[in-house]
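Following this line, the structures themselves.
Both complexes shown next keep subunit A, but they swap its partner, so subunit B is in the first and subunit C is in the second.
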Partner chain A sequence: MSKDETLGAALRRQGISRRGFLKFCAATASMMALPPAMVPAIAAALEKARRPSVIWLSFQECTGCTESLTRSHSPTVEGLIFDTISLDYHHTLQAAAGTAAEAAREAAMEENFGEYILVVDGSIPLGNPGFSTIAGISNQSMLLDTAKGAAAIISVGTCAAYGGIPHASPNPTGAVSVSDLIKDKPIINVPGCPPIPMVITGVLAHFLTFGAIPELDELGRPKAFYGKSIHDRCYRRPFYDKGLFAETFDDEGAKKGWCLYKLGCKGPTTYNACATTKWNEGTSFPIEAGHPCLGCSEPDFWDGGGFYKALSMPTEDIARTAVYAVGAGAAAGVALGAMSRAKKKRAEKAHKKVTIDDLEKGG
Partner chain B sequence: MSETELLLWVRGPALQIATAIFLLGIVVRIVEILMLGRKKNLAEARGSAVAGGLRTMFSRSIPDRGTLQRSMFNVVAGYVFHIGFFVVLFLFAPHILLFQDVTGVSWPALPTPVVDATAVVTMIALLAVLVHRLLNPVMRFLSRFQDYLVWLVTILPVVTGYLAFHRVDVVPPPTLIVVHILSVELLMVIFPFTKLMHAFTLFMARYYNGAIAGYKGVNS
Partner chain C sequence: MMVTETLQVEIGEDLTHNVQPLLHEIRHALVTLLDDGGSTVIDLRSLPLAPGEEQKLLDELGQGEVFARLQALGPSEIIETRYPGVWVVMHFNNDNEVIGKFIEVCDIPDLLRSQQEDIRQGLEQLQTQLA
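Entry: the complex of A and B
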């Protein structure tokens, strides 16, 4: 597959029909909340798009994000689109290793300076450069170096977007997100642990079509996918509204598919496309499988007070605070009470009775 | 501070601060009042002070006919918003989870639509008492800044809770939850220093009144 081959040609070569390609374009348009009139524009842009160079850097991560994208299902149009970008560096997927791999990255950077897309998964440790290195280069210097020539950066997964699990308290490696280090490049956050495969292909398609990054929310996430909370799109929402909750994982409520709020569901405060796009080719998503949402696409989800603790429960030990407060209040109350008693006694002592003589003297 | 960090803060440290001020303030004030003591009554007892006190603590909850005739609106609207507030606070499933987490004690919830309707009735009743306070010349004359402040901090948790439950998209719903919890914490913080203390002192005052009458062998 030559670098100059267009996406359209590459897809046709791989046996994707025009009909299949347009279906993908229509699905992408509707997913990104674009009007149907945009479908031909998307198709035309994708058809003509040169395979963009993509450099994928993996830092403090578990490879789950890569697994999500590559092993999601047997090849689909989305998968082929993904294959069809020029993935010039990805140390898990590329054949080259060691010096050759690094040479590939440097060559891609030089050839496509200012035009390549940088994809990052994993957080960056600032505690000590030695905590995570690739070919002897610290994650921080590799990111800063590679970001210089990038047209845009896509932070894939919650670790790259917000620090994720490495950033969780007490954050032993001093992990930070990409946006903590890079301030002068457009950054698209695609959080999730891992993110939905369709979301990253959608973001790539948007970038190829419009040559610009999609509309983002205040946390840097594409609004098309992260615009609505899980709770607002959840098929179990009617049970929440009625107050019908599963109390345990195997009670009648759980079997009847009632709301998982009491089991710690973070759906009300989590923005992601799981409830609509779903996973495994639209098969299901965690809540449909009977497990509460962990809130994995939100910053600090690991420190959210416990996955199985309901949202309305406090995250600190309030009972202990209450005991201390009552104890201190009783002590302070007794002290203040004793002071006012003493004051009363002093006043009583100082009190002089007025006699008839006093009154007569005064007159 | 991001929305997530804010939510964690209001559910954790902020709630600790509010709980500490709330309980410390209440206990200090109650202990202070109790330590004032009562002057020894040298008259011979004609009845039980304790029995009279305990009886009055409850009997005063039933408005007598005279009061009812004179201020029907105050009694009805007052009861409606007080009961409504308690229903919303103590019988909404997510709230019970909070109390269960802190105290270990749990109780059955009312169906959410019932709580939802109660919240609406409570807000209407609270608005009605404010309008009444503003329109009635005597009430308006007697009202001070604090009266309007305690009204505001009472209705805020109900309004913000209603908005948060219905996820009215004026601000992102998680922010609504943050605002709701903050409004409750505001209520807790100013509670011990304002007339809101009546929630506790009311029963002490009733007991003293009843005890005085009971000692004299008369009904209060």
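Entry: the complex of A and C
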């Protein structure tokens, strides 16, 4: 597909019928969390969409975000969206390396200056430029240089969006997020460890469809995917409202699928689409598999006070709160959520630095 | 050899209580369809449903006279439920993984109609064959 060819023309060239295209648009609307009534508008816009240049930079990360996006082995809607972009630089996926790869990045920047989308995964170390380099270029220098000509930046994963695990206390590399360094470009944060692949491509599809960035919340996340808490959309919520909690991973409550709040679920303070979009082609999500939400799409989730510690512990009386929850329903949930956020802040402050020696002693 | 016991999670009846409201939403949509011909589409993947609840909804809707299977960018199934005008539309990719799940309340889902562009292309092919 050439850069001037529209998406509609490219799909027709591949032998995809109009009916197939409409199906693609219906699935794309669902992926973008847009109402089905918008399918005709999406079809009209995608028909004319041209292939944007995308430069993908990977810094201090585990490659889990790229794995999440490219995990599928068969053509999917995500795959088609991904095929529609011109991925001009991604050092994990591209065959070229070193000088040749950097030349490809510089050529894409020059050719599409002011129009390309910059995708970043991983945090940026400020402690020492040598902590993370690509072809001898420090992450900070590469980001600042590449951001200059970007139309928009998508920070994929919690590391790029908020610093993530590298930023966790004691933050040995001085890791920061993209938005800590770039102040003059629109930045879309797509946090998660990793983010749901459909959310990553949903943001790209939104940009392709509307030529603009989606509406964002105060943490820079697209509201379509991060507008509601996991808790609000969780199918186990009715148990929370009734004060029915699993106390251990194998007790009666766990077997009956009761609320995992007391086992440390961070659903009340975590905003993401896992409870509805789900994972693995919509099969399930962690809570459905019996594990509490870790809160991976929130800033500083790693320092939140323990994955298996209830948000309100140790001082709040869960049983009492649950009784109130039965009486007041959602309002109590909101109150507990606010209380939990305050607790989380206190837990962050109280968090002790752990050294390798401590870990060895503990083990 | 270590034997591990599989933990069976019991699924309660109507866990989210979303099945009944959805049926009412469909009822309202049918009234709108009869009154002014307006169609409604409900995206099932945008709603929190507990394991088993989606099947319960589909069981409630049942199956009517039409079952169509398309092959366009992977298979799709379009089923008229036992309530005429209420259709279940499911899209799959080539690996039969679900990529979209909708309830459409309309005379006939758009995807079942032949599309203008496809008709035009088909006509050209037929003309070429007859030339």
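Definition applied: the second predicted complex is superposed on the first by the 290 of 363 C-alpha atoms of A that agree within 3 Å, B and C clash if a C-alpha of one lies under 4 Å from a C-alpha of the other, contacts with A are read in each partner's own complex, and residues count from 1 in each chain.
One rule holds for everything that comes next: contacts are C-beta pairs under 8 Å (C-beta built on N, C-alpha and C of every residue); 3 or more make two chains touch, one makes a residue touch a chain.
Owing to the predicted nature of the structure, the values given are computational and were not obtained by experimental measurement.
**Student:** After lining up the shared chain so the two structures overlap, which partner does A:Gly211 touch, if you call subunit B first and subunit C second: first, second, both or neither?
**Tutor:** Touch status of A:Gly211: no partner.
**Student:** In the overlaid three-chain picture, which partner chain does A:Pro268 touch, first (subunit B) or second (subunit C), both, or neither?
**Tutor:** In the superposed model, A:Pro268 contacts subunit B only, not subunit C.
**Student:** Based on the superposed arrangement, let me know which partner A:Thr277 touches: subunit B (first), subunit C (second), both, or neither?
**Tutor:** Touch status of A:Thr277: second partner only.
**Student:** On the A-aligned overlay, A:Pro172 touches which partner chain: subunit B = first, subunit C = second, or both, or neither?
**Tutor:** neither
**Student:** So, does A:Gly306 touch the first partner subunit B, the second partner subunit C, both, or neither?
**Tutor:** Neither: A:Gly306 stays clear of subunit B and subunit C.
**Student:** Counting only touches as set out at the top, which of subunit B and subunit C does A:His231 meet: first, second, both, neither?
**Tutor:** After superposing on A, A:His231 lies in contact with subunit B but is clear of subunit C.
**Student:** Shared contact residues on subunit A, subunit B side and subunit C side combined as an intersection?
**Tutor:** Common to the two interfaces on subunit A: nothing.
**Student:** Name, in rising order, each residue of subunit C that touches subunit A in their complex.
**Tutor:** 7-12, 15-17, 41-43, 45-51, 53, 70, 72-74, 76, 91, 93-95, 97-102, 110-111, 115-118
**Student:** Can you check the complex and tell me which residues of subunit A touch subunit C?
**Tutor:** Touching subunit C: residues 12, 16-20, 22-24, 26-27, 29-30, 33, 35-37, 39, 73-77, 233-238, 250, 254-257, 275-278, 281-282, 288, 290 of subunit A.
**Student:** Write out the stretch or stretches of subunit B touching subunit A in their complex.
**Tutor:** Per the stated touch rule, the residues are 2-5, 7-8, 11-13, 15-16, 19-32, 34-37, 93-95, 97-98, 101-104, 109-113, 115, 167, 173-174, 177.
**Student:** Which bits of subunit A are touching subunit B when the two form their complex?
**Tutor:** 219, 229, 231-232, 240-243, 245, 261-262, 268-269, 298-301, 303-305, 309-316, 318-319, 321-322, 324-326, 328-330, 332-334, 336-338, 340-341
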